[in-house]
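Structures are listed in the sections that come next.
Heads up, the next two complexes both have subunit A, just with different partners, subunit B and then subunit C.
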Partner chain A sequence: MTEPAVVLARDPVRPAAADAVARRGVRVEVAGCERRFGRIVALGGVDLTIEPGELIALLGPSGCGKTTLLRALAGLEELDAGTIRLGGIDVTALAPNRRQVGMVFQAYSLFPNLTALANVSFGLRLRGVASAARRRRAGELLELVGLGAHGDRFPHQLSGGQQQRVALARAIAVEPRVLLLDEPLSALDAKVRTQLRDEIRRIQLTLGITTLYVTHDQDEALSVADRVGVMDQGRLQQLASPHIVYERPANAFVAEFVGSVSRLPATVGPNGTVEVLGRRLPLPPSAAPAAPGDRVDALVRPETVAVRRDANGLGLVVGRAFLGAVSRLDVALPGEVRLIATVTSIEATTLGPGVAVSAEVTAPPLFVTAPSSARSR
Partner chain B sequence: MTGQRAGRRRRRRAPAGFRVGAPFRWAVLLATAVYFLVPLAASARYAVQGNGGTFSLGALTLMAHDGALWSGLLVSLAIAAGASAISLALLIPTAIWVNLRMPSFGRVIEGLTLMPLVVPTVVLVLGIINAFKDLPGFFFGTPLLLAVEYVVLALPYSYRAVDSGVRALDLRTLVDAGRSLGATWPQLLRLVLLPNLREAILAASFLTVAYSLGEFVVANLLTFNTFPTRLYEVGTEYADEAVAVSVLALTLTWAVLLSVSVLGGRGASREARRSQRAAMTAREARRLGSEPFGRPAAEPGEPA
Partner chain C sequence: MSAKAGGRAVPSPGAAAPGRRRRARALRTWLGLLPFLAYLACFFVVPSAAVVTAAFENGRGGFTWSNLTASLSGIYLTSYGTSLELAAISSIVAAVAGTLVTIAVVSSDRPLLHRLVTTGAGVMANTGGLPLAFAFIAAIGNFGIVTQMLSGIGFNPYDHGFTLYSFTGLVIVYLYFLIPVMVLVMLPAVQALRREWFEAASILGAGRRQCWRLVGVPILAPAFLAGLMVLFTDAFAAYVTADVMTQGTIPLVPIQIGSLIQGNVLAGQQNLGDALGLGMISVVVAAGVAYALVQRRAARWQR
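Then we have the complex of A and B:
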C-alpha cells in the first residue's frame, strides 16, 4: 500500500522533495574548452572533471573566465573549441533548453509575472507535468527551501534571500543532471549569505546533485565545496580540496589569491632550506629551481607569523584591524617590506600602531618565488 | 524652550513650501483643464444646438444616416487594428533582439525609427506609390497599404514604448533562466516576455491606434475613404454635423483607448489571480495532509 516516496518522506533526513528530485549525480567532463571574445581569452583550454554528486567551487578574480565556463556548461555560451560531457553524453552542441541543467543566477531571475509557486513549477509546466502534480511538487520544493508559506507571493513581495531560495527551488524542480550556481549569494547581506550558503550545501548533499558553484568569495568557496578550483586568465590554476588549496597552493597566484600572504625576502640555504627573517625553514615547492644562495620571495600566511613587542625590533606596527577573536596587524619592516600577522585580540591590545616589534616565521613558507616589488597583499 | 521654539519653526517652515507649491500646481491643472475642456464643451453644446439656440439632435441624426461616414469609421477601425497588430509583430521581436544580442545597434534603430518625423508626408506618399505600385491588387489600393504606412508613421512613438519596456526588464537573466529551465524561444516569449511587457505593448497599441484613427493627410493623398477624410468632407458642407462628428470621434477614440487599457488591465489581474489561486490550492492541499514533508515549514525570518 505504502508508496516508497511516502516512506522516504517520513525520513526526517530525506524530505519528500528530495525523493522527487533525487538522482544520482552525473559526471561532468570538460575537456580543452576555449572561448575568446575578440582578443580576450576567456577560456584558454580548461580541463575539469566533476565527480557525480560532487560540489566544486570555482574561485578567481573578475574576468578570469569562471562565469564563462559555467555559462558554457549551461549552453548559454558557445565554445570555440573543446567538449562538454554530462553523464558521458556529449552536450557541446546541445541547446540550453535540452541540457537538463538547473541554474541559479547572480541577479534575481524570478519571472516577475508569476508567483513563487508558479516560478518553481515553470520548468515542470514546460515538460507537460499535470497541473496538480506540478503544484504539489513545487509546494514540496518550496518547503525544502523554507518558503512553504510564501507560494502565493510575487517576486516583488519577497526579500532578496527569499527570491534566491525560490530560484534554487525552481532550478532543482526540473530534476537537473547538474546544478550551476553563478554567484547566487553576492547580492545578499552577510547574515543571509551565510544562512543560505549552508542551506545550499544541505540541499545539495540531500539531493546528491553534481554542482558547480562560481563565487568570488573565498570563505564561501572554502566552506561549502568538496573541491575548489582556482582560475586565472582563462585557465584552471589548481583543483583540489579546500584544505590542500589553502595549505599547499600549486603556484604563487593561488597562494596569493586564496587567503592572505606576505611576501618576505628570503635566501635559499643548503639542504633544502630557506632563510626567512633570520630563521632557517624547510624549502617549500618553488616556482623555479633555486640554488643555495639564491635570493627569493617567501610567501607566508599571517597565522604562521609570530609578533612580539620589542623595543629593539626592526618592525613597526602601522595598522591594526579588529576581527573578533583575532586581530590583524600590518607591520612595516626595513626595505619597504610589509608583513601581515594574525594575533589574538588580547595580544593586539598592546600592539597598536607605532609600537616597535620583532617578527618570526614559525612554519615553512607556502611557496617561494622570484623576488617581486609587490611584497604583500 | 529653545528646542520647542525650533520645533515650531520647523513645523511652520515645512507647510510654507507646500502652500507656495500647491496653489501653483492647482492653477496649472486648472488652466490646462480649461484649455482642453472649454473648446470641447463649446463644441458639444454647438452640436446639440438648433436654430434660435434651442436643443436639437438634428446634427447627430444627420450623421446617423450618413452611410459614407460609418463605412469610413469601419475602415479606420480596421486599419487601426491592423496597424497595431503589424507594429507589435515587428517591434517586439526587434526590440528584444536588439537589446539582447546587439545593444550597440540600438541607437541606429532609434535613429531609423525617427525618420518618419523628418521626411515630409508628401514625399512619403510618393515613395509609397512608387514602391508598392507593382504589388498585387490585394495590397495596393486596399486599406492594408494604409495600415502598413501607419506602422511606419507611428514608429517614432510605438518603438520607444516597446523599447523602454524591454529595457526595464533584466532581459538577459530572464532569457537565460527560461532557456536553462527548458523553454524554447516561442515559449519564452509567450510565458515570460510578453506578460512582462504588457504595459509596453498596451502603450504601443494606444499610440498606433490613436495615430491611425486621427491621420488625415496620407489617407487623403492616397484617396482612401477613412473616418478623418469623411469628417473633412462633411465639414466642408455641413458645419454643425462636422462639429457633432468631431465630438463623437473624440469620444470614440477615448472609448477605444479606454477599452484597450481596461482589457489589458483585466488580463494582467486575471493572470495574477490565476497564479495566486494555484499557489493557494497547493498550500491548501498540503494543509489537508495529502503529502507529508520531511522538513517543517520553517520561516526564514527575513523581512519580505
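Then we have the complex of A and C:
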C-alpha cells in the first residue's frame, strides 16, 4: 500500500505539514489552446501561465470559453491545438485520472450513495491508501472545511454550501498539483457564497495549491484572486491583478464587463485630453489612438461621477437603488445618454426620481472608444 | 388555538377547525383511494385468500396438508425447478441487456432514438400471450420466414439442435417483452445519472471501469434490482405464451395449474392447483421481501 507523502495534521486551521504542502504548487502553462465545437470557437488560442501557489480567477460571460479551458486543464475536454504543462510536464494527451488535479464542480457532484466521509476518501481509496489511514485523513479534511461532525451524512442530508465544502475536501484529499474550481458557488445563496468564498481562499493559501477558479461573478473573482483573467469569445482579453483589471482595463470589453460603467459622449481635446460632460480630463493611458476633435465614448465608473441637485441641471434622476452605505443613481442626460453614479445614501435621500441634477466626471475615464448606441450598463 | 378566560383555558371558536380540516382532508384522500382499494380487494386480496384457503382444503372442505405435500413432489417439484430456472435466466439476461440498451440510448444523446426506443419498448413490453407466440412461430418456427431464409443460405438452425419449442426457445421469446420492460424501468434511473459523478471519479483517479464499478453500478443498483424483480415475477407467472409454444412439453408451474384447474389431466384436483398457486405467491412474496431488504439499504442515501 502506498500513501501520499504529505500527511495532514489535526489542526483544522493550519495543518502541521501545511508548509511542506505549500511548496507543492506547480506552474501551469497553457500555450496556444484551441477548441472548436462545430463552427463555435470555444477557445481561440489561449495562452496562460499560472505561477506555483497562485490563484487565478477566470471571469467572463456565458459561452466565453472559461469552463472549456478549465475542463481542458482537467483532461475532460480534448484540445484541437495547443499544449498544457503542469509542473513542466506536458499533460495534453493524458487522461483525467492521470493528471493529478482536483476539481470542484458547480453543484451536485458528490456521489449520492456515499457519505461525506466516503466521498472525501474516494480518491484515497483509488490510490490504495489503507482504510484506517484514509478515514483519518478524510476526517481531518472534513475538519478543515468545518464539517468534522458531518462525516456520516449522505449528500442529500447536507445543505448546498455543506455539499460544496465536502466537494472541496474531496478535491484536495488527493493532494492535487492543481485545483480547478468550476463556478463552485453559483448554486448557493449570497450569504453562504461569501462565507465559502473566503473559506476557499483561506484553504488555498494554507495548502498553497495552484488554483484556477472559473466564475461569472466579478465580486467573487476580484475578492479571491491573485490575478484575474477576463475572457471573451474564446480569448483571454486581460490577465492582471484585480485592481489593475478594474482600474486599467485592457480594452472596452474588460472595462464594461468588470464593474459598472457609463458610456458618455466625449471629444478628444489637444495635448492628450478628452472633454467629458464639459470637463477636460487626461486621456486614459490605455485609450485607442484618437486625434483631437474626434468624437468618442468615454467609459466612466459610477464612483468617479459627482451628482448635485440643480434645478437648472440637464440631468434627471430616473432611478435610485439603495445599496446600504451608498446608493446608485440612474440619471438620464440629453441625447438618450444614461449615467450611473454612486452617492452616499445620505446624499441620495434628496436625489430621488424626478429630481433635476447636474453631473460632473471627477477622474479620468477608464477608456475611450468609438461611439456606440449602447451608452451604459 | 385557545383563549384564556378567567384563568381557564377555553377553546376558541376556531380551535377545532384545523383538526377538522385535517380529518376532512384525510377522509377525502381515502375516498379517492376507495375505488382502487375496492378493486384490489376484489381481484387480489379475495382471490389470493381463496387460493391460500383452498390449498389447505380437501374435496370435502376439511383441512389437509396433502395438497401442499403433493405440490412439492414429483412433476410439480420439477415444474417449480424449471419455472424458477426459466424465470431466473430470462430475467437476468433481460435485465442486463435492457440496462445496457438503456445506457446506450441515453448516452447516445439523440432525442429521436430516445423517443423511438421509448415508444417501441412501451409497445413490445405489452405484447405477449398468443400473438407473441404466433409471431415467433411465424418467424423462427420450423417453417418460419426467418428459418426459411436461413435455410436458403444453407443454415437451418433446426439442423443444428435449435428448436423454438424448447427451454431456450422460451427464453428467447420471453426476452422479447422482458427487455423492453427493463428499458422502461431503467430509463429514469439512467437519465438521472449525472455526468459530474463520472467526471469527478475520473479526476480523482478512477479509470473507465472503476467509474462504473464504484459510481454507476451502485447508484443504478436499486433500480436494477427493482426491474429484475418485476422481470422475474413476469417470467415466472407467464402462462399463455409458454402453453402455446411448448404444448405442455416443458413442465412449468403456471401450465400445471392451468391443467389442474381445467381438469385436463385429473378431475377434482383444483385444490392441488391452489396449492401450486400458493407456492407461486410464496415465490413472488420472497422476491418482494428480498427487494425490500435491498431497497431499505439504498433508501439511506436516496431522497
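The working rule: the second predicted complex is superposed on the first by the 352 of 377 C-alpha atoms of A that agree within 3 Å, B and C clash if a C-alpha of one lies under 4 Å from a C-alpha of the other, contacts with A are read in each partner's own complex, and residues count from 1 in each chain.
In this text, contacts are C-beta pairs under 8 Å (C-beta built on N, C-alpha and C of every residue); 3 or more make two chains touch, one makes a residue touch a chain.
Small disclaimer: the values here were computed from a predicted structure and weren't measured.
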Superposition on subunit A - do subunit B and subunit C clash or fit: clash
Partner chain in contact with A:111 - subunit B first, subunit C second, else both or neither: both
Which of subunit B and subunit C A:162 touches, first, second, both or neither: first
Contacts of A:296 with subunit B and subunit C, given as first, second, both or neither: neither
Which of subunit B and subunit C A:103 touches, first, second, both or neither: both
Touching partner for A:127 - first (subunit B), second (subunit C), both, neither: both
Which of subunit B and subunit C A:147 touches, first, second, both or neither: first
First (subunit B), second (subunit C), both or neither touched by A:136: first
Chain touching more of subunit A, residue-wise (subunit B, subunit C): B
Touching both subunit C and subunit B, counted on subunit A across the two superposed complexes: 74-76, 95-97, 99, 101-103, 105, 108-114, 122-123, 126-127, 154, 167, 170-171, 174
Subunit B-touching residues of subunit A, taken from the complex the two chains share: 6, 9-18, 71, 74-76, 95-103, 105, 107-118, 121-123, 125-127, 131-132, 135-136, 138-140, 143-144, 146-154, 157-159, 161-162, 165, 167, 170-171, 174, 180, 192, 195
Residues of subunit B that touch subunit A when the two form their complex: 170, 173-174, 176-184, 187, 191-192, 195-196, 271-272, 275-276, 278-283, 285-286, 290-295, 297-300, 302-304
For the subunit A and subunit C complex, residues of the former touching the latter: 74-76, 95-97, 99, 101-103, 105-106, 108-114, 122-123, 126-127, 154-156, 167, 170-171, 174
Residues of subunit C defined as touching subunit A within the complex: 194, 196-197, 199-207, 210, 214-215, 218-219, 298, 300-303
